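So, here's a batch of structures to check.
Shared between the two complexes below is subunit A, which pairs with subunit B and subunit C, respectively.
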Partner chain A sequence: MANLAVRRFAALLRKESLQIVRDPSSILIAVVLPLILLFLFGYGISLDATRVKIGIAIESNSAPANALASAFRISPYFDAVGARDRRELESEMVAGRLKGIVVIPAEFGENFARSPETATIQIIADGSNPNTARFVTNYARGVWGNWQRQMLAETGGREALVRTEARVWFNPELKSRYFLVPGSIAIVMTLIGTLLTALVVAREWERGTMEAMMATPVGVLQLLAGKLIPYYVLALASMSVCTIIATLLFDVPMRGSVFALFVIATAFLFPALGQGLLISAVTKNQFVAAQAALLSGFLPAMLLSGFIFEIDSMPVVIQWISYIVPARYLIPCLQTVFLAGDIWSLFLPNIGQMLLIGSVLFVAAVRNTRKRLD
Partner chain B sequence: MTTLVQIADVSKSFGADVHALCDITAAVEPGTITGLVGPDGAGKTTLMRLMTGLMMPDNGTISVFGLDTKHDAERIQASVGYMPQRFGLYEDLKVRENLELYADLRGLPAGERAAVFARLLNFTGLALFTERLAGRLSGGMKQKLGLACAMVQTPKLLLLDEPSVGVDPISRRELWRMIEELAGQDIGVLWSTSYLDEAEKCDRVILLNEGTMVFCGKPAEMTERVAGRVVRLTNIQGRRRKLLATTLGLAGVVDGVIQGSSIRLVLKAGMDTEDIKRVLSEKSDIVDIEPAAPRFEDAFVDHLGGGPGGYSKLAEAMAIVADRGQPVIEARGLCKKFGDFVAAQDMTFSIPRGEIFGLLGPNGAGKSTTFKMLCGLLPPTSGEGRVAGFDLGRARADARGRLGYMAQKFSLYGDLSVLQNLEFFAGVYGLGRAERKRQIDAMTDAFDFKSHLKASTRELPLGFKQRLALACAVMHGPEALFLDEPTSGVDPITRREFWTHINGLVERGVSVLVTTHFMEEAEYCDRIALIYQGRRIANGSPDELKAQAATPSLPDPTLEDAFIAMVEASDADAAAA
Partner chain C sequence: MWRRLSALIRKELLVILRDPKSRVLLIGPPLLQLILFSYATTLDVTNVSIGVLNQDPGRWSVEFISRIQGSSVFREITPLHRISDIREAIDNQKVIAAVHFGADFSRNIEAGVPADLQIMLDGRRSNAAQIVNGYLDQIANAVNAEASSRQGRRVAGDNVLERYWFNPSLEFTWFTVPNLVGSIALLISLMVTGQSVARERELGTHEQLMVSPLRVHEILLGKTLPPLVVGLFHSTMFVLATVFLFEVPLRGSLIMLYLSLVLYLVCVIGVGLFISSIAQTQQQAFLGVFLFAAPAILLSGFATPIDNMPDWLQTFTMINPLRHFLVIIKGVFLSAMPANELLTHSIPLLLIATFTLGAASIFFRRRIG
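Up next, the complex of A and B:
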């Protein structure tokens, strides 16, 4: 009897694997989509404001004004366009071609000569994109501050007594790519674990193959496990591809161990697959399953996991909701394993949370997949 | 021999309103073919699922092999072969891989495998296609593969849910041959179908209608009920559709259908042939009356209280189509290629005013392609089509405005109410405000929509959907009506009602093009083109086609016999060439 069960199970696994290999849509979701996501997050979307286009209105015809203007021009953060009057630049900013304007007013030369510390400039930022606006103001302040100190030092005056120096650990260059790429691995695993699983099980209901399977002596648990294992392997394979590309192509460091990475991924796939199964067992329809998987799996993983938006700065209610999003526990683990190393004291509680959510989802999925049609 | 399945007082409901089955008591014996017969929605699939233990009855018990489905579903499933309606095949697995999967699931020992596969592949004629993906098989081949999968471990009970749907007559005949062979090996077969002619081939029949059991027993016992009451009117002078309408109006007539150039009538009990002859000779032209063999369908209609009568209120409300003195629908050398594949080749025919023309053929033969080219849904690769004098290539919109189209599956908006559907289609065909109101009122009156106008279309019974689909297709008074398998799966009463309307419309001068692989329906046609492998292989009236296929051993072939003979002859020609 045991032998029979093993053979049945092997047959289910073989069937599922053949289907994955032959079905272009599973290859699309498992290989092509992750690549697109990686390249989008790796190249296309960057939260760093490098080479932001701004205008400099040099209304003061003086040596310090010109020196300050060239400080902006050589800054790696800005692509600065000069003009003599701010009005020339305003229309450019309205048209969206400039993200900000730095105005060096006409009286700047006199003021600076009188007292370098109290001379002022004006920074105008395009607030329609708050992120960029914040970068423009912060970085422009930085350039201005650096230049001021430099001038004071050069003129042999008093050196500033206190100087602040920011130092960022783990990601010293503050490249957002470093945390976007691990984050996109979380998205890819959500897509395979939840979306793809929900779709393939719903497809079996739609095509009537589930009904034929149920009328054979195969047990429900065998049927479910035969679905899960191939997609678990597929998700891990996809994650490996992403990791290789991330480290080789995007120079993301891999400071932790591969072992830890697989343990974390496995812990995450438990709730992800459970959610996919639950969705398909309840909906039994590919279209509804896709909608449900995107809304309950993909979007929360994207928005509520701390992948793009910091959870600490969300409203309290949303923060509470984020506690039931499995990706919320995955993202810090992944970022740590890539950027810091194996810190099990951080991994273990997160893994525990993921397993807990997974257990709840699995129990619900098994309860909803009975060998019954009514 | 012990009874395989014992069904005792079984009822099953879904929700509060849907009573799928009411108090069914029946049995399935080994070594017999039991037909589970009834129109769509009769409860056939539910009863089968109850037998597999995939559903539980609300009341009553079902025991299979002496085991109760409530407690021993697993043990029952181990010895039951079940083929659900949608095959249960994995389309992206090859034929061989599908067989292997089911062999593993059913625990077929590895040693026996080669022999069993060889036998099943030989049996189903799939031996040449083991490496083909199941999704690439034709409908008939899929059914055969489904059957093979259900049989990998010879079951004691084989449950087949509508195995002959979407299967051409030739494959259908092969399926029957296989099933008869299995029944000879002491396997109990339950064959569900909505084709009433299949009931006659079964050893026993369970006839369902709207969830209740109409009959259970030998089909001959059912047919017996109308013995001596079935007659055929031949040698009809004048228009047979008009005569049918007249005879259906007679008090002594229960049911009547057109059969080629003759009419088949079922008479009321106690009525004898002489009575009807006398009545008819008073009313219209003299015709010949001869007794005909009763059919299962006659008995079913008789049981249901007879057909709907021959009067079409719809036809009455429609204007008479003017005679233009030219064909209404014309195909001249229509040809359609998809890449290298020739879907339809040199289709040439014309349909005059007030005639029904049928396109008959197996699935994938090219009848739908031809049909779609003629209603302007598919541009032909070469050749031309004309509707009401308009060239479909140049004046497609004008042509479309003069044709009515009824698609295979009801193409109504399920979320709209009956009235909203009528208004929508009236709008689509550009009826003016006054005309729109007049037509909607006429349709409501003709089809008795009044109490259902506000009801959501999705929840209507099948027969009502059928009426609404027809109403939407004819509201704009088309000269040409295109019907794509209009009555597959509906009950015989609804089918008769539908054809009463069509006959009435044809009498008003409407021309009809119909595709079907339903032989009963083909008998209503004036002429038929038999389509096979993209070509027209025969052409003529139903009687001419039957006469062509007559042989000394089969002097009075059915249209299905004729169809099969012609397709086989065409295959033989192709093999010789």
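Up next, the complex of A and C:
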């Protein structure tokens, strides 16, 4: 009898796996989309502004003004164009071609000759993108400060009394790619776990094959396990491919263990698959299931998980919503396993949260599936 | 011809609006998304926690810490007691950064010797870490200025006048809301049109439509106008929310905005019809829409600036209608971009619209056989 159950289950697994392999849309979601997303996040998406286009208005005709202007020109952070008047540059900034203007005012040379520490410059940045604007002012201040100190040292001034020495752990070169690429693996697993599962199971409900399966001697739990195990394997396979590309092609370090990565991924797929199953069981309609998976799975994983946007900076109400987004717990784990190493004191509480959300979703999914049978 | 066409348009509008479920999907979620995501998608850094290891008995570290407390950037200061606490706090992401004052920090300052201050940052969140570091540097400059002036030293002051154009207090929502308007309009228009041809094909009504007296260009017009009306309705709702709810200033020409909006929506509807024409089923159409929308939004300059991308990718983004529309909508709302600039950015939209509608009509016709 037990033997029969095992054989029945194996047949079910085989059927479900074949269905995945034969269905073009599952190939699209599990292979094509992850690769596209990974390449977009690896190549396209970068928060590291390098060589931002700025203008320098050198309104002062003096040696120090020219020296300062060339300090901006050689800075690796800026691609600077010079002008004699700020008005020449202002229209370029309105048109969006310059992200900022450094004004060295007409009285700069005179002030500098009198006493170098009183010479003032002006930094105007395009605030329509606040992140870039802040980058422009921070780095322009850096160029200006260095130049000032250098000049002061040459004219017999003394060093600053408070010196900061910043060290960035795990990512000393501050490459945003290092946290975006691991984060995109969370998006890929959400796509397979929630979107694909919701779509495929909803299609079975739509076509009535789900009811047909329920009429067989296979139990509900066995049926659901048979459906989910192939997707679980598929998601892990996709994650592995992404990890290989991330480390080999995008040079993202892998400082933790592969074991930890699989444990984390498994913990995440529990709520992700549960969500997909629940959506399909409730909607039983492909179109609505797709919309629901997009709205409740993909978009929150993208926006409310801390992947790009800092959760701490969001309004409190939105922070509360983020607590029920499974990806919120996955993102710090993924970033840690790639960049920092195996820090189980961080993994375990997050894994616990994911399993908790997963249990709630699974109970709801099984209930909704059973209800249909009555 | 006009009566035939108006009948088709009526039918298409009915398809979109008749079903109560899709009617709800059409109005509720987009507005909800706009509101929810406007507040969520911020690259601002506020309310972060910072750790402080203070081994300095003097007053200057206290001065420094009180300035950290006074800043809105930091929500909570976690006192640390040992060097090993720093590792533990950062590793577990309890703090994004830790500041370490050595035992001789104040003594050095009083003696007129440069005092070093260590800042440790979590590179797993490198963007936020950089911004936090910028704030700490500013505090260090201020403390430095105060200490120096007390000792009558000549130091370089913070002689910078900082100004932000178009968004003087760097409100992040002024950036996100116009971006979201373009992105959500893209998603809705694609969803509505992506399904339209695929659904008819699945239901078998596509052939009926083709044997009707309607010409192909009439059918195409009938399939384009209703989503355009729906899209304009949504966009108007969004523009109103942007102005009255989010209080983003509207500085440029509203006429130019609507002109480019129509071009933009036609581009997107063309893409949607194209996807719909080549898809066999509604599910494939949905995936096609997703396959287009995800890169379109990621490569639009919304999440990250186009300038940060490699050159070849920057060139590639020229075919992305959202990219051009975002320049226009931000230009109209924030920077009062002059009309000739707006027209320059509208030309690519016109070209893309011609291409996508043309491609859709070719595939639409071909699939009949």
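Rule of thumb we're sticking to: the second predicted complex is superposed on the first by the 367 of 374 C-alpha atoms of A that agree within 3 Å, B and C clash if a C-alpha of one lies under 4 Å from a C-alpha of the other, contacts with A are read in each partner's own complex, and residues count from 1 in each chain.
Everything that follows uses one rule, which is that a contact is a pair of C-beta atoms (placed from the backbone, for glycine too) under 8 Å apart; a residue touches a chain by one contact, two chains touch by 3 or more.
Everything quoted here is computed from the prediction, not taken from an experiment.
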{"item": "Partner chain(s) touched by A:345 [first = subunit B, second = subunit C, both, neither]", "value": "second"}
{"item": "First, second, both or neither for A:367, with subunit B first and subunit C second", "value": "neither"}
{"item": "First, second, both or neither for A:8, with subunit B first and subunit C second", "value": "first"}
{"item": "Contacts of A:114 with subunit B and subunit C, given as first, second, both or neither", "value": "neither"}
{"item": "Larger contact residue set on subunit A - subunit B or subunit C", "value": "C"}
{"item": "Partner chain in contact with A:73 - subunit B first, subunit C second, else both or neither", "value": "neither"}
{"item": "Shared subunit A surface residues [contacts with subunit B and with subunit C]", "value": "none"}
{"item": "Subunit B residues within the subunit A interface of the complex", "value": "12, 14, 49, 52-56, 73-74, 77-78, 80, 82-93, 97, 100-102, 104-107, 133, 149"}
{"item": "Complex contact set, residues of subunit A against subunit C", "value": "24-25, 28-29, 32-33, 36-37, 40-41, 43-50, 52-53, 93-96, 99, 115-134, 137-138, 140-141, 144-145, 148-149, 152, 157-172, 174-176, 178-179, 199, 203, 286-288, 290-291, 294-295, 299, 303-304, 308-310, 312-315, 318, 321, 332, 335-336, 339-340, 343, 345-346"}
{"item": "Subunit A residues within the subunit B interface of the complex", "value": "4, 7-8, 10-12, 14-15, 18-19, 22-23, 207-209, 211-218, 371-374"}
{"item": "Sites on subunit C touched by subunit A in the complex", "value": "21, 25, 29, 33, 36-37, 39-49, 60, 64, 75, 90-93, 108-109, 112-131, 133-134, 136-137, 140-141, 143-144, 147-148, 151, 153-157, 159-168, 170-172, 174-175, 191, 195, 282-284, 286-287, 290-291, 294-295, 298-299, 303-305, 307-310, 313, 327, 330-331, 334-338, 341"}
